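Take a look at this one; I'll ask things after.
First chain written, first letter: the chains are A, B, C, D, E, F, G, H, I, J, K, L, M and N, and each begins at residue 1.
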Amino acid sequence: MTEITADVIVAVVSIFTAGITMAIGSIAPALGEGRALAEALQAIAQQPDEAPTLTRTLFVGIAMVESTGIYCLVVSMILIFANPFWDHFITKAGG
Amino acid sequence: MTEITADVIVAVVSIFTAGITMAIGSIAPALGEGRALAEALQAIAQQPDEAPTLTRTLFVGIAMVESTGIYCLVVSMILIFANPFWDHFITKAGG
Amino acid sequence: MTEITADVIVAVVSIFTAGITMAIGSIAPALGEGRALAEALQAIAQQPDEAPTLTRTLFVGIAMVESTGIYCLVVSMILIFANPFWDHFITKAGG
Amino acid sequence: MTEITADVIVAVVSIFTAGITMAIGSIAPALGEGRALAEALQAIAQQPDEAPTLTRTLFVGIAMVESTGIYCLVVSMILIFANPFWDHFITKAGG
Amino acid sequence: MTEITADVIVAVVSIFTAGITMAIGSIAPALGEGRALAEALQAIAQQPDEAPTLTRTLFVGIAMVESTGIYCLVVSMILIFANPFWDHFITKAGG
Amino acid sequence: MTEITADVIVAVVSIFTAGITMAIGSIAPALGEGRALAEALQAIAQQPDEAPTLTRTLFVGIAMVESTGIYCLVVSMILIFANPFWDHFITKAGG
Amino acid sequence: MTEITADVIVAVVSIFTAGITMAIGSIAPALGEGRALAEALQAIAQQPDEAPTLTRTLFVGIAMVESTGIYCLVVSMILIFANPFWDHFITKAGG
Amino acid sequence: MTEITADVIVAVVSIFTAGITMAIGSIAPALGEGRALAEALQAIAQQPDEAPTLTRTLFVGIAMVESTGIYCLVVSMILIFANPFWDHFITKAGG
Amino acid sequence: MTEITADVIVAVVSIFTAGITMAIGSIAPALGEGRALAEALQAIAQQPDEAPTLTRTLFVGIAMVESTGIYCLVVSMILIFANPFWDHFITKAGG
Amino acid sequence: MTEITADVIVAVVSIFTAGITMAIGSIAPALGEGRALAEALQAIAQQPDEAPTLTRTLFVGIAMVESTGIYCLVVSMILIFANPFWDHFITKAGG
Amino acid sequence: MTEITADVIVAVVSIFTAGITMAIGSIAPALGEGRALAEALQAIAQQPDEAPTLTRTLFVGIAMVESTGIYCLVVSMILIFANPFWDHFITKAGG
Amino acid sequence: MTEITADVIVAVVSIFTAGITMAIGSIAPALGEGRALAEALQAIAQQPDEAPTLTRTLFVGIAMVESTGIYCLVVSMILIFANPFWDHFITKAGG
Amino acid sequence: MTEITADVIVAVVSIFTAGITMAIGSIAPALGEGRALAEALQAIAQQPDEAPTLTRTLFVGIAMVESTGIYCLVVSMILIFANPFWDHFITKAGG
Amino acid sequence: MTEITADVIVAVVSIFTAGITMAIGSIAPALGEGRALAEALQAIAQQPDEAPTLTRTLFVGIAMVESTGIYCLVVSMILIFANPFWDHFITKAGG
């Protein structure tokens, strides 16, 4: 059992957390954006003259909704490529 | 088993909690903002003349909804980069 | 196993609880605010003349809904930065 | 294993329960208030002349809905800062 | 392991049950009251002349809905401050 | 481990069951009553002249719905204050 | 471990089952009755002249819906106060 | 551990299964009957002249829906009072 | 531990499975029949002249829906009173 | 522990699987048939002249929906009365 | 424990998987077919002249929906009667 | 325990995964196809003249929806009859 | 236990993950495509003249929705037939 | 147990996380896109003249919704083919 060193545990938890964070974090933005997009299409069909305003508002809004998905991607990437806990144990092991 | 020291446990729990906090915390804001955005588009199609008022209220409102997502991001970042418990054990281990 | 001292356990539970409290506590306020915001936009589109009254009621109301999210943030921050149980064990360990 | 004394267990359970009580207890009030707020805005748009009556009923009602969230906050604070079980074990340990 | 005496177990279960009882018990009353409040506002907007009758019925009704939340608070407080099982074990331990 | 006597186990299970019974038992009555209350308000707004009949039916009906919540409270109180199993073991232990 | 005799196990399972049976058994009757009550109020508002017929049908119907809740209460009370398995083990232990 | 004889295990499983069968078995009939009752009231309000036909169909129908709940009660009572497995082990133990 | 013979295990699993099969098997028929009954009442109120046809179709249809519940009851009764696996082990034990 | 022979395990798994297969397999057909029946009644009320066509289509359709429930019953009966794995082990044990 | 040979494990897993595959696989086809059947009846009531076209499309469509249920039955039957893994172990054991 | 060789584990996991993949994979296609079929019938009733176009689009569309179910069947069949991992271990064991 | 070598574990996890990835990954595309198909049929019935445009948009759109299902199939196939981790361990074992 | 080295654990967790990330990550985009596509078809049927604008907005919007699915695919591919933790342990093992 001596193989289960600190860095293995940290690596495993980082991998799993990174994946699951991105997976769960993709649910709500996609649903929210899908809904907004659906309503936008309905609105354009209702008021074709306002299509530019509607499209602009839609894309700015989707970017704002996307932001929570981006936060999850950021946390996920930090855990894979810039993980301070991992750096600590690698440094300690190599020291 | 002597490898499972205090700092490993704290690191692992911090990583997992940071990820899951951000992941769960992204669900509701994205859904809420998506819904508001959808209604905004419908409202603009219904009252094109009020587009500026609607858009302004929408973006201020989305910022307020986003705030709970930001709280989660803040807690998540504190747990990764400014974790007082981690600092305590690192200091103790290094002392 | 002698490494699993009292302060490690308290730290780990505090970290996990702080994160999960904030995460769960962000769900309902964001959904509730998103719904209110959506209805506000619909209402403004319906009664543009009442926009100031509606916007004011909306923002006061959102602040009241936000309060339960704030309670969670408060509990979360207390558990990270002003945890009486943690202080007790740190003091005892240092005494 | 001699480190897992009674006060550690009580502290850990108190921390976890305080957090989870506040977290779960914030769900329903925020959803209920959000719904009431949404209907209030719709009602004001429908009957602008009744705005004062509606707003007053809304805020008194929200305060009543908030009460169950407050109960949770009270239980949560009692468990962190005025926990009779914790006091018992601290006193016993110090006696 | 000799530290895990009867009073620790009873204390831990009482703390956890008190919290979770209050937390779960706050869900339904808040949702139910929020729904009633929302309908009340809609009804007032529809029949402004009946506002006093509606408001009175609303507040009496909310008090009745609140009662199940109060039962939970009562059980929660009994478990924390007037727990007969806890008293039994404290008395036995002190006897 | 000799401390885990019969009365501890019975006490722990009674506490937990009492809490969870009350908690779960408060969900449905509160939701059902909230729904009935909401419809009552809508009905009063629709037929103000029938307010006395509606209010009377509402309160009698809520009392009937409340009955299942009361059953849970009764079971919960029996388990805390008039538990025949607990009495059996206390008597046996004291005999 | 010699304390975990047959009667302790039977008592514990009876307590837990009695509580959970009553708790789960209260959900559906309360929801069903709440729904029927809500429709009754709506029906009275629609046909005030039929109020006596509607109220009578409502109360007979609620009594029939309540019957499944009563079955649960009966099973719950049998398990606490007239449990044949418990009687068997008590008799055997006392024989 | 020699106390965990066959009859204890059979008794415990019978108690738990009897309770949970009745509890789960009460959910659907109560919901179904509540729904039918609600529609009956609405139908009576719509066609007061057909009240006798509607009420008769309602009560016969509820009795048919109730049958699945009765099956659960029957299984539950068989498990408590006429359990062939229990009889087998009691007979064997007494033989 | 020598008491946990084959027949005990088979008896325990048969009891539990019989109960849970009946419990789960009662959910859908009751919901489906309740829904059909509700629609039947609505249909009778809409077309009183067709009441005999509707009632006949309803009762034949409910009997068909009930059939899946009956299958579950049959499986449940087979497991309690005509269980081939139980017979096998009883015969073997008695042989 | 020498009593847990191969046939006991196979018997136990067969019993449990037979029950749960029938239980889960009864959910969807009953719901689907209930829905179809409800619509049929509504359709008959709407077009009384088409009652024979509707009833015939209904009963043929219900028979097709019932087929998936029948598949489950078949699998369940195979597992109880014509289980090839059971036959294998019985033959082997008797050989 | 020497009795838990390879064929027992494979038999147990095959039995359980066969049952659960058929059980879960019956849910969606039955729901989908029930829905289609319900709409067909509504459509026939709306356009009695198109009954042959509707009925033909319905039955062809139901056969296509049924196909996913058939796939599950096929997998289930393969696992019980033509299981290559089982054949392998039986052959090996008999070789 | 020496019987739990590599091929047993791979066989067991392959069986279970094959079944559960097909079972879960049958849910969504059947629901989606059922919904499309229902709408098709409604559409034909609304526009009988377009029946050929609607039926053709329906069947092509169902084939596309079915494709995800087919992917699951393919994966399931690969795991049972063309499993590269199983081949590897069989070859190794026979080598 | 020496049989549980690295390649067995990797094979087992790869098999299970491949199956479950395809199974879960088939849910949403099938539901989404079913919904789109349903709306397409409704739209064609509403605007028969636009059938070519609608059908073309439908099939291009379904292909885009299908893409997420394809990603899952790709990941699933990679895990079965082009798994870099499996190759690594096979190479190592054979080296 | 000496076979469970660090690289096996990292490989297993990477495989499982990669699969589950892609599987969960495919749910929301497919649902969101399916909804948007459905609304687009409805909108085209309502406003055939705006088909080009609607189709363009639809496809740009679907690409934005797809982005969260792509993030999941990216994380999944990184975990399989460019996993920094895996590289670390392979390098260390080979060093």
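Going forward, contacts are C-beta pairs under 8 Å (C-beta built on N, C-alpha and C of every residue); 3 or more make two chains touch, one makes a residue touch a chain.
Predicted, not measured: the structure shown is a model, and the values here were computed from it.
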| item | value |
| --- | --- |
| Copies chain B and chain C touch via same or different residues, half shared test | different |
| Gap in Å, rounded to a whole number, between the CA centres of chain M and chain L | 11 |
| Distance from the mean Cα position of chain M to that of chain F, given in whole angstrom | 48 |
| Interchain centroid distance [CA atoms averaged], chain D/chain N, Å | 37 |
| Rounded Å distance between chain F and chain K, as computed from the means of their C-alpha atoms | 43 |
| For chain D, residues contacting two or more additional chains | 1, 4-5, 14, 16, 18, 20, 23-25, 27-29, 31-35, 38-40, 42, 44, 46, 58, 62, 69, 76 |
| Category of the chain touch graph - line, ring, star, complete, other | ring |
| Direction chain M, origin chain L - full chain order round the ring | L, M, N, A, B, C, D, E, F, G, H, I, J, K |
| Of chain H, residues touching chain G in the complex | 1, 3-5, 7-8, 11-12, 14-16, 18-20, 22-35, 37-42, 44-46, 48, 51, 55, 58-59, 62, 66, 69, 73, 76, 80-81, 86, 90 |
| Footprint of chain K on chain J - complex, ascending | 1-2, 4-6, 9-10, 13-14, 16-18, 20-21, 23-25, 27-29, 31-36, 38-40, 42-44, 46-47, 49-50, 53-54, 57-58, 60-62, 64-65, 67-69, 71-72, 75-76, 78-79, 83-85, 88-89 |
